[in-house]
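Letters A, B, C and D mark the chains in the order given here, with residues in each chain numbered from 1 onward.
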Amino acid sequence: MAIRANPKLITELEIYGAQDVSKCYHCGNCSAICPFSKEPYIFPRRSMRSLQMGLEAKLESDLEPWLCYYCGECSAECPRDAEPGETMMSLRRWLTARYDFTGIARLFYLSAKAEILAVILVALITGAGFLLYGFSQGSITQYNGPDAFLPASSIHIFDWILAAVLLALLLTNCARMWWFTVGRDTKVHVPLSAYITKIYLLPMHFFTQMRYARCEQKRPWVIHLVLMLSYVTMLVLIMFFLAPMWSGPAIDWRVHVFGLAATAGLLVTTIVFLRKRLKKTEVQYQHSHETDWMFLVLLIVVAATGLMQFTLHRVGLETAANINYVIHMMAVVPMLLLEVPFSKWSHMAYRPLAMYFADLKTEAMVSKEREAVRAPQAA
Amino acid sequence: MPDDKLQIAIYWGAACGGCDVSILDTDAFILDIDKAADILLWPIATDGKYKDIEALADGHLDVTIMSGAVRNSENEHMAHLLRQKSKLFVAYGSCAYMGGIPALANLAPREEIIARAYLNNASLEPGNTTVPRPRTSLNGYDLELPEFYPRVYKLDQVVDVDYYVPGCPPQPGQAQAAITALVMALTGQAEAPPKGSVVGAYERALCDDCTRTKSEEKKVKRFYRPWQIMQDPAVCLMEQGILCAGSATRSGCGVRCPNSGIPCRGCYGPAPGVVDQGAKLLSAVASIIDSKEPDEIDKILLTLPDFTSFANRYSVAASPLQRSHRR
Amino acid sequence: MTFEPRIVGFLCNWCSYTGADLAGTSRIHYAPNVRIIRVMCSARIDPTFVLKALHDGADGVLICGCHPGDCHYSEGNYKMMRRYPLLKSLLADYGIEDERVRLEWISASEGQRFADIVNDMTERVRALGPSPVKAALEADLAER
Amino acid sequence: MEDLKIGVFVCNCGTNIAKVIDCDAVIDSVERLPYVAVARTYKYMCSDPGQDMIQADIQEYGLDRVVVAACSPRMHEPTFRKALQKAGLNPYFLEMANIREQCSWVHDDPLAATEKAAALTAAAVMRVAHHEALERRSVDMCPNTLVIGGGIAGMSAALDLADAGNRVYLVERSDHLGGNVARADLTAPYLDSARDMLTERVTRVVRHPNIDVLLESQVRKVDGFVGNFQTTIRGKADDGAPSDRVYDIGSVIVCTGYKEFDASRITHYGYGKLPNVVTSFELEKMLRAGRVTTKDGKIPQYVAIIHCVGSRNLEFHAYCSRVCCMTALKYAHEIKSAVPGAYVSDIYIDMHAFGKGMEDFYRRSSEIKTLFLMYEKNDYPVIRKADATDDCDMLIEVNEILSGETIELPADLVVLMVGMEAREDSAEVAHLVNISRDKDGWFIESHPKLDPVATTTDGVYIAGACQAPKDIPDSVAQARAAAARILARTARGRIEIDAVFAEVDEERCSGCRMCNELCPYVAIEFDAETRRSHVISALCKACGACAAACPSGAISARHFTDRQIFAEIEGVLA
């Protein structure tokens, strides 16, 4: 059955960042140089081809873009400056938009304005909300205690609600991703047992990013890993250890040692990334999409205000701490509510999933071939 | 008998006798021959015996004029004998020169010929299966017949020949000229022609003497037998689609056939220097066929039945293949 | 020792001979039984040549010219085309097997075709066995 | 025959001959032949030392005949003839035995090959014994040239010849100059206008005092021989009635060009049935008019260009038409500029971007987002009408190689890159000037590499796409090369013509006139007075048809006499 080609797709992808795909004449250098590219997942050339031809259906069900960590080797090697690495990046953005059923992701990727407006809007609502709440039941001068401006308990509840919403969105999109890439694939059937026996792959890919380690240069991997782990640590602290973080002025080192380390990690890595994206010396940081900036900016604001929060509280400037807290939340909420499910953050979920799926599919294909070989002998 | 008289023999091998008649046709000239020569052997006209010839000393005869081809052992025996007894040996007529009509039999194996003549022939009385054999014994008598050879030879395939006189038969005028030339040479009154030369004929082909007009437009869509078409007596027969051997035949006959509306049959043999009269006639015919389509060409050639016996009518034995090689 | 036919080939200079050369430059291998004689045009091939070759002991004769319509001399090959059926009937009357003499059109670009024809003809003539002509004629005249 | 001294020289051709043929064995077998005075082998006979050896032996042994057993006479006969001439021997006393192309290169059994080589060499020895001394003659060279075809090639050749001061008759069948180039808009790779380029040529040609432009004219006849042709050209008289005129010319350049492949022959493309499937030339028309639209005047959103239509496939033409690939890229650029929003797809087999600036042009074409789709030879894309729900007029199904997918490509306008084809009248033209055509109908050059401009008929040259598919620069180059070849000759004023021709022995000619009509060059004249035919040697091209046909053996073909060929037959069968 013939797949419909959509010559327009390539133009649409330009907005996602794929500017030079049409230059590719399929010498295959990129796939040859890529350390991850091997049967049955040969890329980036194949993905470039599908994109050139606008084979939407095929691209939508591809896992390849997620298997790439964008080390930039391919783009460096390309004789026609077709930017295969950047193409994979853009495909990840496009796929994120595809997985998202709300259409918000697509909106953000297609229009920076929309994203910024959304962020500002959510930020303002959050700010206004917390101020109202604060004044309604506490005093701006109080940080802790009975009439604290923003009591930890209620914030904790709010966090959990927020997490629930966020998770719901993210999980539906992940489910859609599974359906596109594995579920509806008629050629390869992954048995349920495999999902279970291989489940360990998921946390492994998530926490180690060991595939990234296979790239030529190791530093990007380290930085990327630090950023991710810091973020996760922070998330865990906030979700489960908010109270001890709150207490003071004495420092509860059991939690704060993690808090401070994570913050440091976040600050350092985001700064590194910002610098790279600004300097544009390395291929993979030459082309930055608006969403990349948004991601980094929010992250650094969150990290900075978080640290500020900690300090103000410890030095006893409680009013300032409260105001800072509101600002902190004005960054945190849009980040969690918008960025995580609808934008760059989502790759934290999609990439390990993709690798998990990829392994499952490969497994399934191999066993299928084995049977194919065995079958005639049996007959 | 006076010595100054030439000693000659006139003999025939496988021949119809027309050649001897052509000599007789020289009318009064016969008497001149008689004056000049003693004819020791001439089966058709004089009473000579083989043993008289055998008795002669070698080279006793000044000249032997032999017509006819060699078909059987007797023809060959006499050819050898006469050659041995004569100074000059002349192959007289188309059969002696090229094998002639008898040599057409070379296109069929001996067995077929015998069968056709003695076994399956309408003129035979039913049940008669008598076939001539070299030896037959009948009520105490032994009858011996010459051996019938598998093929016919022209004279010079059997004996050494000094001169050739072509024609079937040689045109009397030419015969007279040839004989005169020989006599002059023998009697030292003239230079003898070089050995092996054809005497009593011209150097060019018949068309040279043929008075019919020839144009360059020779294109034929079909061929005719002479009786199939009203011919224009003034125009080249080939141009009218009547197969004529004249262009491939040595002149000398006086264009007798074409002048009387009959196409040349080639009895005077090929033009000088030509290896095979038939092959040459073949090219000539091919060059006037008016078609480029193999199928049409074949159709046109259907109007040319039994081409070979026409092309080599007198020259089968002289052609490079000489006889049928069917196995 | 097996019988190796001796075949005389008469090839026109412009198509067939060039085609045979092409077979060479293309290194197309074929049976070594054909001895090629070059003539300017197939129209130059006098039937006498064929008779002469058979008389001198050729087991076969291959005649090649340009494809009809492609003659370098515009129509020479048609002249050969007209002689051929007459020649064949003449040879048949002399009892020469049909496959011993063959006419083929070979263009300057048909090296492979030439090789194939040579191989095919060589095998056919091999199957017929040696031509009886030379031996027979020698025998005829031997005892005379 | 007088006592001859024949020298036999067997070439090893490096190992080309020697690796299969035992050259010494060949020597041994020919040494015994009558008249052979010396027989040698050498590494490369055609090399200078090789030729010197032959010349030295001619002197030393007083050789009067030479046999060289080496490559094909078509290759080196002229070389060795020169060698004989240098040594003071008549060049026609040479005979070559072809033991390379027709022996060592085609046989692997050394014994059989050696035996054959010996036979061929023996035949040459026996033949050469009957060779006669022939003299080449020189005749006046008429400086006028007939150029057939008023396309870019014809005009370029005409201008060079005319600028050098020679008269040129430029014959064009149609009513205007320019040929196929006049049908094009821009040209690859620099996208400059074909029209501008052509206008300059045409005006110069038309105004040139030395060029007679004969429009709506056709060549009816070309008689004679190099340097001395007469041509009859049928043109229109003032009253429009056809009128023939005869011109004296010394050379002919054939520049009759090509015709485009008839796209309707490939059913898969539905050309003629689907209104929006057009040929490249139909698109050129739109581009020249400046409006690229569908049949019903709509602006096409999707444009697909299909390459190799009629070229590079089994059914139609195996050859590559050479210009289509880059023309297709040109269309991509022109369509993008004519219809900025259009999506252009290029469906190709291989992208042949040979030639100056072309690879770069290819890159630029992909930068403007041309979608390149690769299909397999003979696996034609199939075009069908799209459904009402589709946003396009047609759908093209392609088995795309680079993706391995079978895809369906939307299209509103499909452009078929029709290949080049020999004109239907090429056979007629070939006969007119007596040159040969290959199996595809293109005219054959005298040597594919070393002499791509001349033909097998001396004085007749070919240029442009009538020889093989060509782009403009190559056509012009070939045309100007042809002009240069002719100028080199006219400059000398006289030319040598071959000594090989037929002769009538009038002592034996009976005037049967069988030969008269046979000669395609009317070289045989019949004298009504003497009633003999004779050959006008200058007109004779030495085919030998008359010699074979002469019933009385009065005509002999010089250098191919019966005797010589008989000797050769005896030789190969010895």
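Methods note: contacts are C-beta pairs under 8 Å (C-beta built on N, C-alpha and C of every residue); 3 or more make two chains touch, one makes a residue touch a chain.
As the structure is a computational prediction, the values presented were derived from the model and not from experiment.
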Starting at chain A, fewest touch steps before arriving at chain C: 2
Per Cα centroids, the chain farthest from chain C: A
Dominant interface by contact count, named by its two chains: C-D
Chain C and chain D, separation of their C-alpha mean positions in angstrom: 28
Between chain B and chain C, centroid-to-centroid distance (C-alpha), Å: 33
Interchain centroid distance [CA atoms averaged], chain A/chain B, Å: 115
Centroid distance [mean C-alpha coordinates] between chain D and chain B, Å: 55
Touching two or more other chains - residues of chain D: 518, 548-549, 562
Shared-contact residues (touching 2 or more other chains) in chain A: none
Residue numbers of chain B (touch at least two other chains): 275, 280, 283, 286-287
Chain contact topology (line, ring, star, complete or other): other
Which chain pairs touch, all of them: A-D, B-C, B-D, C-D
Partner chain D, residues of chain C touching it in the complex: 4, 6, 8, 13-15, 17-18, 20-21, 23-25, 27-30, 32, 35-41, 43-46, 48-49, 52-53, 56-58, 66, 69-70, 72-76, 79, 107-109, 115
In the complex, chain B residues that touch chain D: 203-208, 214-219, 236, 238, 246-248, 251, 270-275, 280-281, 283-284, 286-288
Contact set on chain D toward chain A in their complex: 302, 343, 345, 362-363, 366-373, 397, 400, 402-403, 405-410
Contact set on chain D toward chain C in their complex: 72-75, 98, 100-103, 105-109, 112-113, 115-116, 119-120, 123, 427, 431, 434, 436-439, 444, 456, 518, 520, 541-545, 547-549, 557, 560, 562, 565-566, 568-570, 572-573
Chain D to chain B touching residues, read off their complex: 507-518, 526, 531, 548-554, 562
